[in-house]
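What follows is a set of notes on a single structure, which appears directly below.
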Amino acid sequence: MSATKLDDKTLLWMYRTMLTIRRFEEQARREADAGKLRGMHSAVGQEAVPTGVCVHLRDGDYIFGTHRSHHHCIAKGLDIKLMMAELLGKATGTNKGKGGTMHIADIEKGMLGANGIVGSNIPVATGAALRAQVQGTDLVSVVFFGDGAANQGVLHESMNLAGIWKLPIIFVCENNRYAQSTPFEYAVAGESVADRAAGYDMPGIAVNGMSVLDVYEVAGEAVRRARAGDGPTLIEAMTYRYMGHFGADNPLMYRTEDEEDEFKARDCNRQLKGYLMENAIATEAELDAMDEEVLEEVAEATRFANDSPFPDPSELTTDVYVSYR
Amino acid sequence: MVTDVGVREISYIQAFNEALTDEMRRDPTVMVMGEDVAGAGGREGFEDAWGGVMRLTKGLYPEFGPSRVRDTPISEAGFIGAGVGAAATGLRPVVELMYVGFYGVCADQITNNAAKMHYMFGGKVKIPLTIFAGTGAGTNSAAQHSETLYSLFVHFPGLKCVAPSDPYTAKGLLIASIRDDDPVIVFNNRQLMGLRPEGHVPEESYEIPIGEARIVREGSDVTLIGVGYTTHVCRQAAADLEAEGYSAEVLDLLSLSPMDEDAIVSSVQKTRKVVIVDEDYPRCSMAGDISALVAEQAFDYLDAPPRRVTPPHTSVPYSRPLEALYVPNKDDVVAAAHEVME
Amino acid sequence: MVTDVGVREISYIQAFNEALTDEMRRDPTVMVMGEDVAGAGGREGFEDAWGGVMRLTKGLYPEFGPSRVRDTPISEAGFIGAGVGAAATGLRPVVELMYVGFYGVCADQITNNAAKMHYMFGGKVKIPLTIFAGTGAGTNSAAQHSETLYSLFVHFPGLKCVAPSDPYTAKGLLIASIRDDDPVIVFNNRQLMGLRPEGHVPEESYEIPIGEARIVREGSDVTLIGVGYTTHVCRQAAADLEAEGYSAEVLDLLSLSPMDEDAIVSSVQKTRKVVIVDEDYPRCSMAGDISALVAEQAFDYLDAPPRRVTPPHTSVPYSRPLEALYVPNKDDVVAAAHEVME
Amino acid sequence: MSATKLDDKTLLWMYRTMLTIRRFEEQARREADAGKLRGMHSAVGQEAVPTGVCVHLRDGDYIFGTHRSHHHCIAKGLDIKLMMAELLGKATGTNKGKGGTMHIADIEKGMLGANGIVGSNIPVATGAALRAQVQGTDLVSVVFFGDGAANQGVLHESMNLAGIWKLPIIFVCENNRYAQSTPFEYAVAGESVADRAAGYDMPGIAVNGMSVLDVYEVAGEAVRRARAGDGPTLIEAMTYRYMGHFGADNPLMYRTEDEEDEFKARDCNRQLKGYLMENAIATEAELDAMDEEVLEEVAEATRFANDSPFPDPSELTTDVYVSYR
């Protein structure tokens, strides 16, 4: 794996992004454990995937998420203050408190929403790519989805649409090996999700999702293809979620500690930290200082969220429509 | 430019097509997708082979080209979902769901995404998507191709629903729907397509405001409420009733969500009797909604209980004699009117 | 074998699980499918890891094995459709649709196939399929995971729909549903799962007939009609009203399709006032259906218009204070009861 | 292509079946043109596909059709009298006149229904295969669908289910090159539908659908696999419909006469007739006599249908439920 194209600034941006995701998720978990929100899906372990993808995106590109999307949001540059406020259902949240953890969105930042229905965002993202094409732009659309979502028919429909119209979209399957408790090997016929691309006239590439540099490379090529009008790509990033499905559940009900250890040994944040140090891009002290800064930002976001007011009761019935007589 | 002198009579299909053409000319962000909306998938020498199964989109492909007029695979969840995404990011897609009974393969995109994104995202994303779908029995097409089903969509907050009843309202409501910033579903009854009723359809562009019912016939003895095709049935019934000496008011609902509650309530307050005529299944439906509205808002004015005329709680049969019994007809309406007037 | 002396109190989850276990023991054609209904996809050493997200199917896999208890991929159209086909050819599948808001990805299988095959095929094919789905807000789960939506299914001829309101009715209705030769959907409100209300649940098997409502509290001043969780709310309101000196009758609907029209009409004829309390969206819904029924069938008995207490025409908000305003509560019901009694 | 395993009786059964389909469809078209029914999808040209498949089936096996299913029904042995009566909406029809052309079914004959929703029967068929497996039988399930249906997500979901559970099902795509007016090449990304099987752990085989002997061979192997518990197969039979999509439309609006002629030159019925004569299995005179018999059967079915009564009005509301209080 070569990362020759990567300058220091980009590498440090990626590390900071991954740290922010990690620290944000840890804090969000604490807020959830304190009873301030329910049913939250943590992305700890999966930091590398959206980071290695979103680093290639620019203003006007859109990403689309899933029920587990805090990491997508952070990688796309959403303000963690507004995100944390959203988790707590506050009026200051990204979505005014109306969407919550499974629906965080920020159209100005190009994040068109987490989505609670498995697979449901895949055609929506295809539509954003369609719009980019119809309007003659070189913008791209990226949709993240899980290994479980790979079994929703709408993925097949969307890959087919993207294939026949050569849409500028990247389908990113975060294969974290489980859909709730169901192992990927049980639920997915065939060896991999990436293999399915062949039937739809697009490349399907499996990549080590624990290595942000690997993801960076593969995603870079996919984004270039899309911008150049060469059509879609399916990326399957092999990754792992460290926590339970929705956080509070115990994953050792359905998987071994050995397996967990194996993935944690390849932790994406630790790997990148090692790379940065080995290549003398930053010292350990500098990186630890960065971690401190990130922790302080997360603490600040948490304070902001906790201090923010809940929405006014009148908000219950606003925003149902743009207008309704 | 108004060039007509006198009355310009065109078919529902022509009126619908004209609205779509005008909007595509006016606004480059309007695009059309659906199965065979052009036809032949743009194959050279065979462009515009179909123009939609009901020819509602005929002529668009030659004028606006393959980027804005797209034949789709039979992937309703895929392309209606794509309509949602295109709408969220700057287009105004107009998407055909051929017959409403196919809703089941793409309901998620309509009711979980199109309907909810504006709310879930705190009002920050708009979904100016128009979906149009064929509805209705009467064409010998059996249980899966003859449904009405708009009640399902009215159920969902976040969706707007309209049901034109003739060429004039088809044009005006479609234009209003395309310009609307919320997702709107336009329900086109298949039996109306071919009819070419009396009535002027202006050549220039006009909107019929979503949310307004219209009184198509004034009367004082009973209010007949129709939705789309059943407005036509109500008009026929009103003519029969007139021959018998009764004065029936006919209210054409036009908008299902939002619904013009004031127009319904005022008419019923005047006539003190109401017959609601709808072709959708009877349970949890528009007819029940209107009946409940009237009962609750005009209780003290009613001389008789509200009366619903709908098909039975039954799928649509294939056999023609059975199908003829299924759809409400003018005799059913006249009989119901007699009941409430007695 | 009845071994209990006195009252046997178990949770809704236990009662539901007991019914399913009993039926699987009794009838080898009963099988269960759904996401994580066992968990871990049968991985050795981790069998029965979940037993369903709400633990409704816990323990079935160890007893009945991998053939009759199947974890499925997240392919609702696929596995619910498979339930239809298995039912048509000789099994009695019981299939979990985790939350009813996911209906949109599989609606076609439920409403075009399960609902219509018996009719379309001239009565020659039966679909003894049971689907169960979680419903309801109140768990901080936002717009897509908090819906009620049974009105959609009631709309369709060919489907039966039941909504238990406590452990006793959960067990009896599930058993009746599994034994029923038509497709039945059982709606389990998530807020009821954890409650362990007073009330005996017999250990032996029993059916609660589909289509029968029950009066859970007799009264003479007003009828409060509840559906599933809102029956619970009605009971609370009735207690408050009693403290104020009013006698409220509480009708627990239980079956939505068929609906026990007689029970509703008789109760309203007696009390002459009705408050309908439902958590589904207000438009084209059960509440409207019941209101219309009462208006039409008990018009001359009513002292006041029927009154509906439902959420507003709004998606379910995430923020807890907003969500608390969304779901009908006992104060809303008491206020509505005052209105109709005045 | 070798047909060594084929005995004369089977060959003649196949020829008669294909003739019956052809003659039935031609007559049904006349009935439709006379205004007795609407929206009928004719299968002329596609006779070989269900014939070559259903010849391998036995009692207890189930097949599942589409909106275009008269040929499936006939190949599975349905009574053409009852079928024609169903087309005319008569009480004596297979479905008592309630289903019509798009919903013909006969559970006793193992035909579990034509289905008007494109792709909708695919999971239902998967369920029949599931039942066969749960009950420990060696029965199989066959589902027919079009090239257009290949783009419905539910095919992907069903192939995945069949793949992970090794269900005894055969997915038969009748690729007649068009979905309404939309060419297969336009709508299907990738080269073929058969290729998609690879992603689902099952063989995907393209076969010349204009040759019943080719279909026979491929289907035989698939049925053997399924009965033996070796799992599903996807067959893509390359075929052609001679008439318009729903009969009354003109296919030359979207395709060339040359293309039509090319397929008609390989007409499946004529090919089999030639084979039977060349191999001295029957003389031309014998085969023509068979045609006369078939024509008479179709005429008899038509008389039966026309003479039959419409359903009683009370039938409108029966059969909605088995029971409903």
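Going in written order, the chains are labelled A, B, C and D, and every chain counts its residues from 1.
Note that in this section a contact is a pair of C-beta atoms (placed from the backbone, for glycine too) under 8 Å apart; a residue touches a chain by one contact, two chains touch by 3 or more.
Just so it is clear, the structure is predicted and the values come from calculations on it, not from any experiment.
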item: Any chain that touches chain D and chain A; value: B, C
item: Cα-centroid distance, chain A relative to chain C, in whole angstrom; value: 36
item: Distance between the centres, which are taken as Cα means, of chain D and chain C, whole angstrom; value: 40
item: Whole-Å gap between the CA centroids of chain B and chain C; value: 32
item: Multi-partner residues of chain C (each touching 2 or more other chains); value: 72-73, 75, 77-78, 101-102, 104-105, 108-109, 112, 119-120, 142-144, 157-158, 312-315, 317-318
item: Residue list for chain A, restricted to those that touch at least two other chains; value: 95, 97-99, 103, 115, 117, 120, 151-154, 157, 160, 164, 186-188, 320
item: Touch-based graph of the chains, sorted into line, ring, star, complete or other; value: complete
item: Residues of chain B defined as touching chain C within the complex; value: 77, 101-112, 115-116, 119-120, 142-144, 149, 151-152, 154-158, 257, 280-281, 283-289, 291-292, 294-297, 299, 302, 304-308, 312-315, 317-318
item: Contacting residues of chain D [partner chain B, same complex]; value: 37-39, 89-90, 95, 97-103, 115-120, 148-149, 151-154, 179-183, 185-188, 253-255, 310-311, 313, 315-317, 320
item: Complex interface listing, chain D residues touching chain A; value: 151-157, 159-160, 162-164, 186-190, 195-196, 198-202
item: Complex contacts: residues of chain B adjacent to chain A; value: 31, 67-68, 70, 72-73, 75, 77-91, 93, 108-109, 112-113, 117-126, 157-158, 160, 180-182, 209-212, 258
item: Residues of chain C touching chain A in the complex; value: 35-36, 39-43, 46, 49-50, 53, 71-75, 77-78, 101-102, 104-105, 139-145, 312-315, 317-322, 325-326
